[in-house]
Amino acid sequence: MFYMLKGDRGGQALLLLLSIAVVLVPVLNLVVPEGHALHVSTFTVTLLGKYLAFALLAVAVDLVWGYMGILSLGHGAFFALGGYAMGMYLMLQIGDRGVYGNPDLPDFMVFLNWQEVPWFWQGFDNFWFAMIMVALVPGLLAFVFGALAFRSRVTGVYLSIMTQALTYALMLAFFRNEMGFGGNNGLTDFKDILGFSLQSDSTRVALFIASAAALALGYLACRAIVVSRLGKVVVAIRDTEDRVRFIGYRVDHIKLAIFTFSAVLAGIAGALYVPQVGIINPGEFSPLRSIELVVWVAIGGRATLYGAVLGAFIVNYSKTYLTGAAPEVWLFALGALFVLVTLYLPNGLAGLSKKKEAAA
Amino acid sequence: YAKGDTIKIGVLHSLSGTMAISETTLKDTMLMLIEQQNKKGGLLGKKLEAVVVDPASDWPLFAEKTRELIAQEKVDAIFGCWTSVSRKSVLPVVEELNGLLFYPVQYEGEESSRNVFYTGAAPNQQAIPAVDYLMNEIEVKRWVLAGTDYVYPRTTNKILKSYLIAKGVDEKDIMINYTPFGHSDWQNIVADIKKFGSAGKKTAVVSTINGDANVPFYKELGNQGVSSEDIPVIAFSVGEEELSGMDTKPLVGHLAAWNYFMSVENKQNEEFINTWHDFIKDKKRTTNDPMEAHVIGFNMWVKAVEKAGTTDVDKVIDAMVGIEVPNLTGGTAKMLKNHHLTKPVLIGEIQEDGQFEVVWQTDAEVPGDAWSDYLEGSKDLVSDWTAPINCGNYNLKQKKCLAAK
Amino acid sequence: MLSFVTKNRFLPVWLLGLCLLPALASATPPVGSDAFAQAVERLQVKSYKEREAAVAALISSQDERVKPVLEAMLNARLFYTKKDKITVIGIKTKDGFSITGVLDQKSLGNASKSQLKKIKVNNKLRRILRAGIAALTLSDPAPEVRLSAVKQMYGKLGNAGIQILTTHFETETDSKVREEIQTLLHIHDLSSDDRNTVLKAVAALSKSLHPEVRNKLELLKDSTDQEISAASGDALKHIQEQLAFYAKVKTAFFGLSLGSVLVLAAIGLAITFGVMGVINMAHGELIMLGAYTTYVIQQLMPQYIGMSLLVAIPAAFLVSGAVGILIERLVIRHLYGRPLETLLATFGISLILQQTVRTIFSPLNRSVETPQWMSGFLEINPALSLTYNRLYIILFCLLVFAVLFLVIKKTSLGLSVRAVSQNRAMARAMGIRASRVDALTFGLGSGIAGIAGVALSQITNVGPNMGQDYIIDSFMVVVFGGVGNLWGTLIGGFSLGIANKFMEPWAGAVLAKILVLVFIILFIQKRPRGLFPQKGRVN
Amino acid sequence: MSALAKIRETFRRDQVFDFVNKQDYSRVDTSHGQILYVEDVSVSFDGFKAINELNFYIEVGELRCMIGPNGAGKTTMMDIITGKTRPDQGSVWFGQNINLLKMTEPEIAQAGVGRKFQKPTVFEHHDIFENLEMAMAGNKGVWSTFRARLSSEQHDQIASVMEIIGLSDCAKQRAGALSHGQKQWLEIGMLLMQNPKLLLVDEPVAGMTHQEMDKTGELLTSLAGEHSVVVVEHDMDFVRSIAKKVSVLHQGSILAEGSMDEVQNNQRVIEVYLGE
Amino acid sequence: MENKALLQVSKLNQYYGESHTLWDLDLSVIQGKCTCLMGRNGVGKTTLLQCIMGLQAIKDGSIVFDDFEIQKEAAEKRAGAGIGYVPQGRQIFPQLSVGENLELGLFARKDRMKKIPDFIFELFPVLKQMISRRGGDLSGGQQQQLAIGRALVIDPKMLILDEPTEGIQPNIVHQIGDIIMQLNKEMGITVLLVEQKLPFARRVGDYFCIMERGKNVATGDMAELSDEIVQQFLTV
């Protein structure tokens, strides 16, 4: 199964690190007592879990952008949809612990005077149904959007801006209170997942492990695509789409398949993200957010999947660190990071390690 | 002070992103208050230390930063948030980690948490008196409720609508309009308001329009010739700070309802303004209502800590209720059992110099109400964080707390 | 005529005072100098209600000194000294006020702010003051002033007011003023008890689009008198048709004006992105710089707000253009042929620019004043008025477009730009100094963005985030119109603006925007290269 | 083994490409001996008629040369056959049963029409081996492509094609780094890998040396017979060396058709094309 | 002044990344004559021309044009100095009209002429017909003619042509040959021509220069180009 990691130093390192983390982090968090130098706080665990979800998202973006050349400025939308699906499940788990104490309706619905849960919320109290939706909803949206766009041969910036329009439209729609997704406040105040309290350390560790596993599997799946002949065709599509048609590949089908797959990955990432940060709101649909995703990938290094992971970690860690350490000037630092990486590391940070490899 | 031993205070206000515009000032206010307190000798003999973070107008980041402040930095209290969604995002975290949050902005109510002190106005401390003023003093008969599409305006308008109808206003005479965040093209809506207002009855606009959308809104009003004399606008989110970014000439006479205005002449206020100007090194900087809320909140916390003799959150929470501190408009703010304050309600008219002139005010402080009396479902609820009730949503009819946590 | 006016000067004024405040009309009000002094003193009371009465008394006093007092009060320049409670008019000076007594009209020298107490006015008082001043200006020699005075009286007339107008009407010579008064009188007649008067008035007003006419007719329609009911029904129908028509015209105008804002915001991007292929995420910030330049210029020349905008246009062009050139030289230059990377770098630059502005100017919005010549509206009729700022922006947008279009299509710079963007190496081999052309072009696009900022500062807020509000829309417009096609940007921007505005009334602002986005997405499926696709054989 | 024999071996589709038979692409019906019917086709761009009621037919196994002045519409004609350009009118049939005008580019390619472009276009970021691998005939559905693994026969097949096009030495070289002529060869190689029934070859020898030209000629003639080949070329020596039948295109329609000699002596052809 | 070299390339080395493409290459192009550069595919002809034009960075070596060292000059300066370039693959500006493509040449002219000289249209009448069509829409051969026309507009002292007859119909190939000779002989424009077609090269060239693997391996008078040399360096 691991043939696809052959020659992928970065990927090997990533999977190794992930396996170590999956073993070590729970031990250091749950077993090592608080106050001990080696103790990893739950705060850190959750933070890492969040990064892992972001990393999965970045991998999904890299697959369509780095390899297939579709600069999707709308992957935040798929992420958010997955997140909402998860959020809806979590919301319905609150039961009568909401402020109005209504056993069936989430608070915001009580507030809007709704009598019953609307049809599109049906079934989300079931975990497995919700999990299917986590994949299905973003997948379906990507499928329909992609089917239209790829068939019509919308390409390049046109496609990018359309994906942006898509996420923008969704953002505005989800902001509307009538939509039934909690408007601007979104979904929050989650209590538990599968009966386990979201506030307990062990649940958080479990979510961390789930995120790590999802990232590993997502990575391997993408890697499998990339090393297959399909992967080569995908890259060929990026470079000269027309020519691929003339040797007999259905470019629209291939694009659609990859785009949809990537959207599903993004959705899963969103579903992992929500219980760990405790809120999902329409801000996730914001076009600037999607642009940021692309920036992670670019920083890490396009068309190297581990680069995307690296980028997601670096940018988000810098953000975490700088917003605390240098709240007044962190935007300068982040902006400068973007500019400098672009100028001096055209292949991102992954390019740096490649250069070293080549030199060694 | 005892060496090396400090009391940490978290300051959780966006310094970048869309909310920086409002929240940065509050961060500075906190820094000033902490500096002043240290000059007075700190608290419990210890020095106060501000831990400033930037949640960057990103709601999940608010939650993360809160966790960082409480779990990593071990702060004893957090002063922060502006938008409702940021508070909603932070709420589970402060409850989980048993932190302490002071929330300084007027909000929609319908919430009560043991770990949060709401130092801004509840709807009954801003919206209802404002409407009363318009109804009684200006004799307004037709109402436009215009707001940005999110919870605060929605709730406020819902409360106002049922209030107005209870007061005998015909549904036909109420127009409700929502716009997205940052809405910048108000031509149609202002034209509609103008049309709505030309039906021969005195009309007013009750605006819960938020943030940046206000500037183009008022500009459009001015340009389409809707003057405050024809159709006055009363706003709940436009304060001195917002006005400082607007050309106020065409706005003279429009109104705002707050619990504090910079123009209130009063010794305490004058002192505060001077300190602020010295601290920020800019004589032109304004003060505003949420700043006052932070001042009150901070002073109360200091008193409570002194009373409890510790910064231990549980003890401070218990000590907080009943604490009284002077507000900046000459009255007294008292912390109620529901973690809300008593506040005077002032109606001010915008002046050319960007200040408000108080044209009306309540005779006494109004106690804040977490659960609106004008909404189904919430009118039976009260919040009381003292024994024996000790919960945020006690149903008076069922005689029990909902959501036993 | 003048003599007549002088002779009758006081009568109408106090009558008007009565009509404004019918409650006070019970007793015959005192008249004369004493009354004036008393009234002025009464102004100092605390309660607004009482001050209203004082103003009415003031107007009734028929004193010559009334008008300046009213005006001062309206403009918040009426004070009384804290010490001796003398009512004064204050003119702001460098450090305080130079004050003049109201009664003796003598200068009392300077006073500091703390020595004075302002006589406050509220909304309602302002209304009364304005009407009072209007009545006093009915005798003004300038017909425009009289016209606007008459217009002030809509909706504020009592019986007494009618009397004044009727009297004034006989001596009024200006046809426009006469017409306006006529309308007012007819409106009054609509509430008459005499059905013939009513019918005559209905007939006369059947073309008037004034809202008050409509409101009154609306009432008359339900009249028991068949004839009146029918006549007003007909008139109303006609009026409503007219109104519906003008509403459409108005919406179209709104659409055009929104469109022109979109075009202005996008047109610089049409150069940097459309022609040069740089995905310029800092475009919004360049707009912002233009807006801040306007602000700074206004700070520099506070006396000449009217002029400041004209100065700001070239200044903003230069500032944003220079920043653009700097960005190009320092960063983008290294990224040609890597268009996607430009997205990344310019995104970083946009963060830096935002934070820079935040650091220099604070995160607060800045107040940019609207000059006199841009405020107010052009009233075509009571149902249709076009705001000046929007009108100017539409014109300005077209002008900018025309200039830019000529530069790109007709000058050698334009030709070089297009050549370089299509094949950099070959353009160089043809002797074109590609790097200079790049810098100039990027500077041009950025400069235009700055100019857009000047225009936007007139209709929206000027703050560090303002750029982000426009960047998405700008890209949308350029792409919708067809990348690389200036016409596309123009037509695209206008059509999106108009579509948006026509949808807004029935869909609401939010849904309209969503629908426009969905429309764009679907439209691009039909025309994958925008409204005006770049044609040509592809290899 | 001579190059020719190698190619024959390579293209014994009954052996190497047996899985092709399993596919349910409607097989071309060439029972009337014709593989391509182009009838009454016209296309215009912005009012300029590039192809004007063009008619011609290609027989099974034929090698046809198309010549004609620059801008006569030769490339456009190929664009129409391969689905890149839709004609305004007319019909194009592949065999008797496949209407090419109703199909997309990949469908046409899958049905068995291969093309080499006038301006060589290869996948610049892939190495030569990968270029050939991707072009290889086979099921090109998404899932099959994902599952596809090279068998050793396929490996050998690619190797032999590389041999033919003279790029064996640089199998791992990025195609983007090839010179113009090398790209030409690589594109021919990709065409071979596709193993189409009809090959459309646009100016194959442009930029090649004389000897390479001969080699190309040899290759093309060897392909004819089993495959039908349409070659567009301006190099008369080359055309002369391979052509049996030549069509001359002028202003979008056939000006003359016949053997090389006939065409060469046609007065109109000399006037508009050959000169002297 | 008979045999003065207008262009002198000496000891030129060029790399594509790691791969050394041109090795200590020398080349001289005699003023007023036509020098024919030949060699198999991929030996580096195009690369050499790009180095001369400044479109490809060189490692070391010197390029002297008209007595000035130009290897440090930017590409655009070299065009201004009087080198007209017809690249391989035509490199037409696809979205510019034929007229605009030609006009671009005017910028580099010393005499600030504002109009495309008529003789271009006499040489290539088809360009006049299609003056307002987009360059990218032309057929391959038409584009080639446009590329040559465009290079002539700058009024060059030296014309560099990279396989100019590629894809051109026979009678026009012949014409191009005539034109090159005419430019060369009558107008005194020095010509550096890359050409694969031997007969053509023989017809128009005065000198030949053969490259192999990035090195200059044979030079001389065209008359001296023996079958032997051809056999050795130009056949596969």
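When the chains are written out, they are named A, B, C, D and E in that same order, and each has its own residue count from 1.
By definition in this document, contacts are C-beta pairs under 8 Å (C-beta built on N, C-alpha and C of every residue); 3 or more make two chains touch, one makes a residue touch a chain.
As the structure is a prediction and not an experimental result, all values here were calculated from the model.
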Checklist outcome for this item: Separation of chain B from chain D in touching-chain steps, minimised, is 2
Checklist entry - What chain is most central when centres are computed from CA atoms? => result A
Checklist outcome for this item: Most remote chain w.r.t. Chain E, using mean C-alpha positions, is B
Item to check | Computed distance of Cα centres, chain E from chain D, in Å | outcome: 31
Checklist outcome for this item: chain A and chain E have mean C-alpha positions lying a whole-number Å distance apart equal to 53
Checklist outcome for this item: Rounded to the nearest Å, the gap between Cα centres of chain A and chain C is 45
Checklist outcome for this item: Multi-chain contacts in chain C, i.e. residues touching at least two other chains, fall at 354-355, 468, 510, 513, 535, 537, 539
Checklist outcome for this item: Residues of chain E that touch two or more other chains sit at 137
Next on the checklist: Quick check on chain A: which residues sit in contact with 2+ other chains?
Outcome noted: 172, 175-176, 242, 328, 331
Checklist entry - What does chain C use to touch chain A in their complex? => result 273, 279, 281, 331, 334-335, 338, 340-341, 343-345, 347-352, 354-356, 359, 468, 472, 475-476, 479, 483, 510-511, 513-514, 517-518, 520-522, 524-526, 528-530, 538
Checklist outcome for this item: Per the touch rule above, chain C residues touching chain B in the complex are 48, 76, 120, 122-124, 126-127, 130, 155, 211-212, 215, 250-251, 254, 257-258, 261, 354-355, 358, 362-370, 375-377, 385, 387-390, 458-466, 468-469, 500-501, 504-505, 508-510, 513
Checklist outcome for this item: Residue set of chain E touching chain D in the complex reads 16, 19, 40-42, 46, 88-89, 126, 133, 137-142, 144-145, 163, 166-175, 196-198, 234-236
Checklist entry - Which positions of chain E touch chain C when the two form their complex? => result 53-55, 74-76, 78-80, 85, 87, 91, 93-96, 100, 103-105, 107-108, 134, 136-137, 150, 154
Item to check | chain A contact footprint on chain B (complex, rising order) | outcome: 15-16, 52-56, 58-61, 63-65, 67-68, 71-72, 83-85, 88-89, 91-93, 96, 110-112, 149-151, 154-155, 180-181, 376-378, 381, 392-393, 395, 402-405
